[in-house]
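Read from first to last, the chains carry the letters A, B and C; within each, the first residue is number 1.
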Amino acid sequence: MTDASAAARATAARVKACEDRGLHAFYEWSEEAMLAQVAHAHGDGPLAGQGVAIKANIADAHHATSCGSRILEGWRSPFEATAVRRLRQAGAFIAGKTVCDEFAMGSSTEHSAFGPARNPFDRERVPGGSSGGSAVAVAAGAVDFALGSETGGSVRQPAAFCGVVGIKPTYGRVSRYGLVAFGSSLDQIGMFGRDVRSAALLLSAVSGRDERDATTLDRVPLPEPGPAPTSLKGTVIGRPREYFPDGLHPGVRAACDRALARLRDLGAEVRDVSLPHTRYAIPTYYIIAPAEASSNLARYDGVRYGARQDAPDVRALFRQTRGHGFGAEVRRRILLGTYVLSAGYYDAYYRSAQRARARIAKDFADVFASGVHALFTPTTPTPAFRFGENTADPLAMYLADIFTATANLALIPALSLPIGRDGGLPIGGQLLGPHEGEQTMIRVAQALEAATEATAEVR
Amino acid sequence: MSVTRADVLKIAQLAELHVDEAAAAELERQLTRILDYVEQLNELPKDGPVEIPRPDVILRRDEPDADPLAAPPAAWAPAMKGGLFVVPRLGELGGGDES
Amino acid sequence: MSGAVWETVIGLEVHVQLLTRTKMFCACSTTYGDPPNTNVCPVCLGLPGALPVPNAEAVRLAVRAAFALGCTVNERSVFARKNYFYPDLPKGYQISQYDEPLATGGSLEIVSPERGVLTVGITRLHLEEDAGKSFHDRFPGLTAVDLNRSGVPLIEIVSEPDLRSPAEARAYLTALKQVLRWLGVSDCNMEEGSLRVDANLSVRRPGAPLGTRTEVKNMNSFSGVERALTFERGRQIALVEGGGAVEQRTMTFDAAKGEVRPMRSKEESHDYRYFPEPDLPPLVLRPAWLANEQLSLPELPAARRLRFEQQYGLSTVEASVVAATAAVADHYEALVVLLGDGAGKEAWNWEANDVLTHSEDGEAIPPRLTPARIAEVVALVRGNTVSRQAAKKILAEMVAGDEGASAIAQRLGLVQVQDAGAIEQWVREVIEASPAEVARYRGGETKLLGFFTGQVMKRSKGKADPKAVNVALTSALKGLRA
C-alpha cells in the first residue's frame, strides 16, 4: 500500500510543520501511529488516505485520550469511539490528538493541563475552545479534516477565531459513544474543515444511528454534500435581533452586515425575527452543563483507571485523586453542578433551567415553523481575545458562548464559516438550522461561502 | 444567593473533592458570583414544560454482544490483586464481605 | 413479654435480579461465578466515553412482575441517576428510576401466621442496575472489587409498611419469591444474591403515630430476616420502655451472633442528587404491547391454589402443597386429568406423598416421574394388582429408569396374589393353626381379624391382596361362628 504510507508520511510532514511553528495544536501525534493505521486501512471510501485530527476527548486506539487533564494523562482507551470506527470505514486514519480545555470546559484552551494551543493568526491570542487544537490543526494546514466536540459552542467558536468552518450537528445525529462526556444532553461531536464541503463530508461519514448510543436519532447517515447552489431564491433567512445587540463589536457587525448583503444578493429574503429567551441561554447553560458534568466526572475516582493518589483509606483516595487530578475550572464546575443538584436547590436551579431550556427550544421551533429556513447570526461577540484576557473572571469567559450555546440547548444544528477579517483576525458567521435540518443549513452555507471573500477586511 | 465557606466544604465533601483553604476562599466568591448571575432564571414563570420533546428510547435485544476490550483491566488498572480492583480499605463503612 | 402492648411496623425493600442473559445497560453476560472482572465492558466498567442502552428483556420481565403484583404499569417512565461514591459503583452513580418509576400501587396476598390471609400493599416497582461486589476482608488493609455484577438488571419492589411481625415479613418474602419464580422473572435466591432485602422497622403504641424507624441490612436468608427483625423489635421495645428514644440509623445484621447493630459509622444522610438520566430518553411502552403482556401472564399461584380447592376438592393447606410452583401444579393437574373425575384427593395423595418425596429440593419433579407413568402405577393399585405399599417401591424404581410399571412389579415380585383358591387355602391354614384365637374371635373379640390377616400375609410372604384376604377371612370366620 505505497499510496497509503505516502499519505501518512505527507500528513506527518504537515503536522510537524504546524507544530514547528509553536502552535501546539497537538497533544499527541507520531508518524509511527499513522503508518501503523494505514497498514490496515480501507483502500477506498470518501475519506480514503485522509489524516483526521481528533480532539483529546475522543477515544481512539493509537493515542492517549487525556481530555486535557492530569487525571487521564496517558490514558489509552481499550475501545474506540463509534465516530472513529466510521472514519476508518471511510478510509481515513487518525493523524493525532489535539489540545483542548480540560474535559472540554473552556473557550480558549487556557484550561488545558498540558498548555494551550495558539491562534495561527496571532500567537498571542487564543484559538478558541474547547476544541482549539483541532481548529488550529485545520487552520494551519496540518490536516484538512478534524473532529472536535461541542457542548456550548466548542467547535463553532474556535472555528470562527481560526478562520475555518465548524459544524455542530443536530443532537443525536452523531454517536457520542467514545466521546468523553461533559454535558450529556448537550454534547455532540463536531467537524472542522477548510471549507463547508470538507466539514460536511466529515459529518456524513460519521453520522447515523448507533446501537451503542441510545440518544442517537433513528436515521441513516446523512448524504455527502452536493454542489453549492448558485441561487438562494425562495430561501428565507432569519436575522434574530437578540444576536445583534447595540454594543456588538464593530468588526463583527460589519462582517455580518456584509454577509447578509451577500445572502440578499443570492436571492434570499432576509427577515427580522425574534428569539425572546436568548438572554437566558448562558444562565441556563451554566446550570445544566455543570450539573451533568458533576455527575459525569464522578467516575474519575482513581479506582479502576487514570491517575491515583496514595491515601490511607478510600475516601481520602477519592478526595486527593480528584483534588489533584482536576484543574481549577473543572473543580469549579463540579462544585457548581453538585450545588445546583443538591437537596433543596434542585427545583430552584436545575428544574428552573430545564424549563428555561424548553422555552429557548420553542423560540427556535416557532421561528422555523413560521417559514424561516435558516437563521444567520455572528458566531462570537468578538474576534479572538488575548491569552489571560478572560481568565480572571470565570463569568467573563462564559459570556464568550453567548451566541453559540442556544443551539446546544435547543438541540438544533449550527455551522460557523469565515466571513471576513478584522485587523487580520478572522470573523465567523453562524447559520442555525431547524432540528434535523443540516442539509438546508449546509446548502445555504455553501452558497454564502462561494459569494464571500473570507479573507477580506470588513472595515 | 450567597455561598458560604461551610457550603463550599459541604459540597466538596459530596463531590469527594479535596479543596484547600485558599481555594475554598476563592470558590466562595466565584460560586456566589455565578449563582447570582443565574438567579435571573427566576424571572421566568414557574410553569410550562420541563422537557424538550425527544424520540423515545430504543431498547436493546438481550443478546451477548459486549464491545470487546482491546486490553483487559489488568493491563491498565492502577492496582489489581487476584483479578480484583483494590483500593485502601474503607475506614468507616462495611463489616465483613458485602453482598 | 411486652409484645402485647407494642405494635411493630415493618416495610420491606426487596431487590431482585432479573433472569436475563445480559446486563441492564450493556451486552455483557450475567453468568454467576465467572472469574472476577471478566464479564465487563466499557459500559459496566464506567470507562470514559461509554454509554448505557437498556435491555428489552429486562423491561419485559419487570413489566410482567409489575402486572403480577397488581401494579399500575406506567406507559411512560424515566431513568434517573442516583449519585454517590463507592469503590464498587464504577460511574459514581447508579442508573435507577426516581420520580417516574415503571410501576406503582400493587399488592401481594400473604398468609400471616398471626393474622391469616392478608393483603400487603406495594408502593412501587422500578428498574435499576446493580453495583459490583466489594470484599473488605479478602486482603488485609484493602477493599477489593469485582465488577462482574456491575450493571446486572434489578427490580426494586417497595412494600407499604403493612407488615406487623418478623414472621409476616418472612411470609411476604416467601409469597413474593413464589410469584417471581412462577413467572420466570427471577431465581430469588438469597444465598446467591439474586434477592436482597432491606427492612424498615419501627414500634409504636397501637393507635399512636409511627415511631422512628431503623433500616436493617445484610440479612442473607429468609430465616435471617426473621431473626434480625425479631432482635431489632426487641431492641427498640427495650429501649423505649427504658425511657430512651430510637435513633434513625442504618443497622447491620450479624448472623453469627444473631444481633443487629448500627453500621460502623453514623450514616451520613445521603444526598443522592437525583436527576433524569440524560443518556436515556424516556421509556415509553405501547398500550397494545402492555395489554398483551398482562393477558399472557400465567394463572398466578394464589388463583391456582383457589381453583384447586374449588375444582378438586382440596383444603387450603393441601392446595398450597401442590400449587407451590408452576411445575408442581402443572404436574398435579395433568395427573388429575389422567385419573379421571373426582380423583382430586387421590391424585393429591400421590403427588404429595409419593412424587414430591423423590424431589431433591422438595420442588423439582424428577423428570421420569411423568403423570402418565404415575397413572400406570395408580391403575395397578386401583386394580389391586399391587398394594399401596408396593407401589412406593415401583415409583422409586421409575425415578431411575424407563421400565413400565407392570414390568417393574413383575420383576420385583410385587404382584399381589388375588387367586381366590390360594387365598382360601392360606385362610384355612391360618384358622387351623390358631384355634385359641379362633375361639376368642367366636367369643366376640372381632379385633382379632387383624391378627388373622397378619398371619395370612405372613404365609403369603406379603403377596396376598389384603382386601381379598379380608373378604375371605371374614366369610370363613363367619361360617365358623356358632
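Annotations for the structure displayed:
Here is the rule we use: a contact is a pair of C-beta atoms (placed from the backbone, for glycine too) under 8 Å apart; a residue touches a chain by one contact, two chains touch by 3 or more.
All values reported here derive from a predicted model rather than from experimental measurement.
Viewed as a contact network, the protein chains are fully connected, with every chain touching every other.
Put simply, the chain nearest the middle, going by average C-alpha positions, is B.
The chain pair with the larger count of C-beta pairs in contact, out of A-C and B-C, is B-C.
Centre-to-centre spacing of subunit A and subunit B amounts to 24 Å, using the average Cα coordinate of each chain. Rounded to whole angstrom units, the spacing between the C-alpha centres of subunit A and subunit C is 57. Taking the mean of the C-alpha atoms as each chain's centre, subunit B and subunit C sit 40 Å apart.
Across the assembly, subunit B contributes 14, 16, 55, 57, 60, 67-69, 73, 85, 87-92 as residues in contact with two or more other chains.
Within subunit A, the positions touching two or more other chains are listed as 75, 78-79, 211-212, 214, 294, 298, 301, 303-305, 314-315, 318, 338, 342.
In subunit C, the residues that reach two or more other chains under the touch definition are 41-42, 45, 53-54, 85, 87, 143, 145, 147, 271, 273, 280-281. Residues of subunit C touching subunit B in their complex: 20-22, 26-29, 35-38, 40-43, 45, 53-59, 85, 87, 133-139, 141-147, 193, 196, 218, 220, 252, 254, 263-265, 271, 273, 280-284.
The touching residues of subunit B, counted against subunit C in their complex, run 14, 16, 54-57, 59-69, 72-73, 80-99.
Those residues of subunit A whose C-beta lies close enough to touch subunit B in the complex are 61, 75-76, 78-79, 172, 211-212, 214, 217-218, 277, 279-280, 282-284, 286-287, 294, 298, 301-308, 311-320, 322-324, 326, 328, 331-332, 334-336, 338-339, 342, 348-349, 351-359, 361, 393-395, 398, 410-411. Of all the residues in subunit A, the ones that touch subunit C in their complex are 57-59, 65, 67, 72, 75, 77-79, 81, 176-181, 183-185, 211-215, 291-292, 294-295, 297-299, 301, 303-305, 314-315, 318, 338, 341-343, 346, 350. Contact residues on subunit C toward subunit A in their complex (touch as defined above): 41-42, 45-54, 81, 83, 85, 87, 90-93, 143, 145, 147, 271, 273-275, 278-281.
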